[in-house]
Amino acid sequence: MSKKLTYDAIVVGGGPAGIAAAITMVKGGLKVIVIERGRFAGAKNFFGGVMYTHAFRDVLPDFWDRKPPFERPVTEQGYWMMSPDSVVRIMHKSQKYQKQPADSYVALRAKVDPWFAQQAVDIGVSLITKTVVNGFIKDEKGRVIGVTTDRPEGDIYAPVVIIAEGVNNLLTQKLGLIQHDLHPHYVALSVKEHISLPTKELEARFNISGSNEGVAIDIFGDATVGLPGLAYLYSDKGGVSIGVGLLLSEFANHNIKPYEVLARFKEHPVIKPLLLGGESLEYGAHLIPESGYDHMPALYTDGVMIAGDAAGMVDALHREGTNLAMTAGKFAGETAIEATNKQDFSAAFLKAYRKKLEDTFVLKDLKQYRYMTDFLDTTPQLMDTYMNLLNDAALRYFTAHGMPKRDMENEIFGMVRQRRSLIGVAQDMMKLLRGMRG
Amino acid sequence: MHIVVAIKQVPDTTNVRINPETGTLIREGVPAIINPYDVHAIELAVQLKEKYGGKVTVVTMGPPKAAEALSECVEQGADRCVLITDRKFAAADTLATSYVVWRAIDVIQQEEPVDLFIFGMQAIDGDTAQVGPGVATRLGIPLISYAVKVESIDPASHTALIHRKTEQGTEVLQTSLPALLTVLKEIAPERRAPLPYFIHSLEYKPEVWTSEAPYSFDVTQIGIKGSPTIVGKAFTPPPKEAGDVVKIADKGLSGTVSYALERIGHAGVVDFLADEGKGGK
Amino acid sequence: MSENVKRIWTFIEQEDGIAHPVSWELLGAVQKLSAELEGSVVEAVLLGHNVASIAEEAYHYGAKRVYLIDDPVLEHYRNHPYGTGISKLVEKYKPEIFLVGATILGRDLAGTIATQVKTGLTADCTELAIDPDKKILAATRPTFGGNLMATILCQKQRPQMATVRPRVLPMPEPLPVAEGEIVREELGLKESDVAVKLVGFIPSKEQLLIEYADVIVAGGRGVGGPDGYKVLQALADELGGVVGASRPAIDAGWLPREHQVGQTGKTVRPKLYIAAGISGAVQHRVGMNGSDFILAINTDPNASIFQIADLAIVGDLFQVIPELTAQVKSIKAKRGIKEVNGGSDV
């Protein structure tokens, strides 16, 4: 077989970023191939989290008619702040969440990714699986004009390649778009379990009435052993996704094992009764980029653009990642169409991709929260001292019956002074402001 | 060369679970795979096609889902795939199965004469190894089972040299073609199939034949009617009683081993270790 | 004999004039079946060239009549002439039940005959019985990798055919005195009618025949590599046994396939089976759970093999096996035992 395999565009990776790019490009008349290394698109992820419908609508305006296999709409969401034996909850529930499609859904990407990929295939995208892209083909000027794969006769040519390879960004590194491998300080390890619960129990325990309601809870404090990280509890169709994520460096520095953190979290007096009688269906872990704005790879070079986790496009504070990925994929696709029309695939032209990201929430948010990781890192008291303080203050407040309330207020004030000092609090406020506002 | 391969989509028996109460197979969550022996049959066929030129046709009898298995065959290099599927064929034992597969092959070979038929040695769900011999008998062609190597094919004399494994060694057999081989895994190691085959599989849709056209059947020979054997009952094998467990930590290495030899002696399974005059310790 | 006689046939497999022991194991089982099936007779089928003397042996295992086709074309086994000859016999004498050993030859032959005479065939049975109500053969076999057992019936078509692997049925004691008759039939094929020729043979380097060993010392993943098997071989030598292996070790290339015990390897029924570093997946267990005494050694106290072991030792095989070898040596020395012959009788 000596015929060269040639396409208008190659997409590496069949996840949200890659498929969004592919759909965008095929709608623009390009001949597109997506190369996925897993057995099927979605095989290589373990996502049980929240996905945002604005991103789907941007890529596929009629996505809702195509019946995406989401779990539950998020009709109540918020934060639980835990101390070792108690929790302060700030939750928001509103009738306004109850529309179809809802603003966000709890989703299992093991189901959603294959569906999303099928939508791409249905409109003409070529998707090959079980194939690994392991290198690039370059022209005499060093510009990327194709990829090599791990199959015999496996070279594929295209003037533009969109890399959506996920958090283990080996190809991105190979191109020199980032100088180093993943740094433990800029990637988190999230350990998760899918637990099935009988519907009656699920609905009773989480105050859900029917399959059109669902809850998404982000959890801080004791859950993450007082370290910077995030725990979560989301209601799936038939149970919950429960997990804990910490920066990889924290596991190493404090000599803790990932499965121990999750096991401990499940034993918390507030969490344990919620899981009673549940059956563990699946257990696994995944890496999540936490590089932030300042440690992202370069997003493009001659003939190449990078989108999604490979480019570190995750905003952990707002639990956003898949929507950044899909939006970036769409922008990469649009830029590829424009480049094809102009027949100019140089870095100078592809810069337009970055501009699109800068003009929208994708890079705006990453830039705004660029100091967040470092802030959390240098403010350990956020997860530890403040969470306990909050819970202890709440306890004091709510049990101050029969005592002069002024004394109670003084006590609480005293707790703050003693555990953090007023100056400490002021400093933390300043740092927080900077971390939040960029 | 025109080579026909017959495959079967089976549950992955290493992952199978049985409902202990009803004694039936729990099919949910058990992945369906191409019978592992058949993967090597396809591999052999494609490698022979690459060496001698020609085409590979794959047939399978099964439920509609078996079409997935056929797509995987095209990814490996098959040219044409036929899915034989109809409720009427269901619940067939090996006699009825070989009958239906033969009827389909008969049509295929009339369209284009076939030089070689390759079947996997056995399917890992039934493990009977009977369908290959059954089809060869119906076709009236030589059967070579336990084939481990195709040494050579001579298109001029229409013969082939095949290695067949036996308990004592390997027979070297010369056979006229067409012939039917049932193969062991060593006949062709699995490899990463060339990318162009995968690309071809994206376009290719397997043909689907039901009990209507393009072949004719004697209805008394298909499905349940055509199956002389039936399952009288199915049950999970009774668990054997567990014996006792000894830890080295408890009796020490020497003590544990002496105890083991005592038990073996008691059981009378090794003459010279039998009870009288123990010694050793 | 009356027309209603039910002939229970056993195929006597032979190579170079020597009968395969599975044939006698089958005849042993047939004697029991015949006792439960009124009006039945025990008979055997023998094909080959210059093999009439084997018929004598068959009488000592209970066959009252041996149907013999003796022809130079049948000198070495080939599917076509053997299948044709036997099908002819079946069509003429219409046996009720026909059993074949599930050896490589048997599995090649049985499906061919069953298809030619259009009858039901149950492969690799672990148990044969006569259904007391229906008075037909009830053949039990493992399916789905041994996870589920099924009892198969062939209600209408005849003969009811079944194959059984060597060493699944016990070897019967031969009768000291026995008589029977030979019925000779013609093959009706010439050499030129047979399209397959045996043009060469490459003998295996090892004459293992693990199915016939009385003692097997088997190693699995725990052995760690090909060198580890030397330790097992030393113990096997002392006990007069052979070394076996589970499938992962074979797939990894640590031992040739002849040593494989299990679903896709050999079924063994030794007197003593020592499983060292074998976890005991069901596919392995179905290949050896008929052993008389099973000793399992594994560092994992939860290894599934422990569930079927008569004695399980939680420990490192590289400590236990050499200790066993040493103690066995010592016992033999004390009792003045020099050579221990292997249990293989082929």
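General observations
All chains are identified by letter, namely A, B and C, in their written order; residue positions are counted from 1 within each chain.
As a working rule, contacts are C-beta pairs under 8 Å (C-beta built on N, C-alpha and C of every residue); 3 or more make two chains touch, one makes a residue touch a chain.
Owing to the predicted nature of the structure, the values given are computational and were not obtained by experimental measurement.
Set against the Cα centre of chain C, the chain with the most distant centre is A.
Centrality by C-alpha centroid: the chain sitting nearest the overall protein C-alpha mean is B. Centroids built from CA atoms put chain C at 20 Å from chain B. Centroids of chain A and chain B (each the mean of its C-alpha atoms) stand 44 Å apart. A straight line joining the Cα centres of chain A and chain C is 58 Å long. By the touch rule above, chain B contacts chain C in their complex via residues 11, 13-14, 16-18, 23, 25, 93-95, 98, 124-134, 136-138, 142-146, 161, 163, 165-176, 179, 227-237, 239-240, 242-249, 253-254, 256-258, 260-261, 263-264, 267, 269-270, 272-273, 277-281. For chain C in complex with chain B, the residues that touch the partner chain are 15, 79-80, 83, 103-105, 107-108, 110-112, 114-116, 118-124, 131, 138, 142-157, 195-204, 207, 209, 214-215, 239, 263, 271-272, 281, 283, 289, 292-295, 301, 306-316, 319-320, 323-324, 327-328, 330-332, 334-335, 337, 340. Those residues of chain A whose C-beta lies close enough to touch chain B in the complex are 1, 3, 5, 126-128, 130-131, 149-154, 156. By the touch rule above, chain B contacts chain A in their complex via residues 75, 192-196, 198-199, 202.
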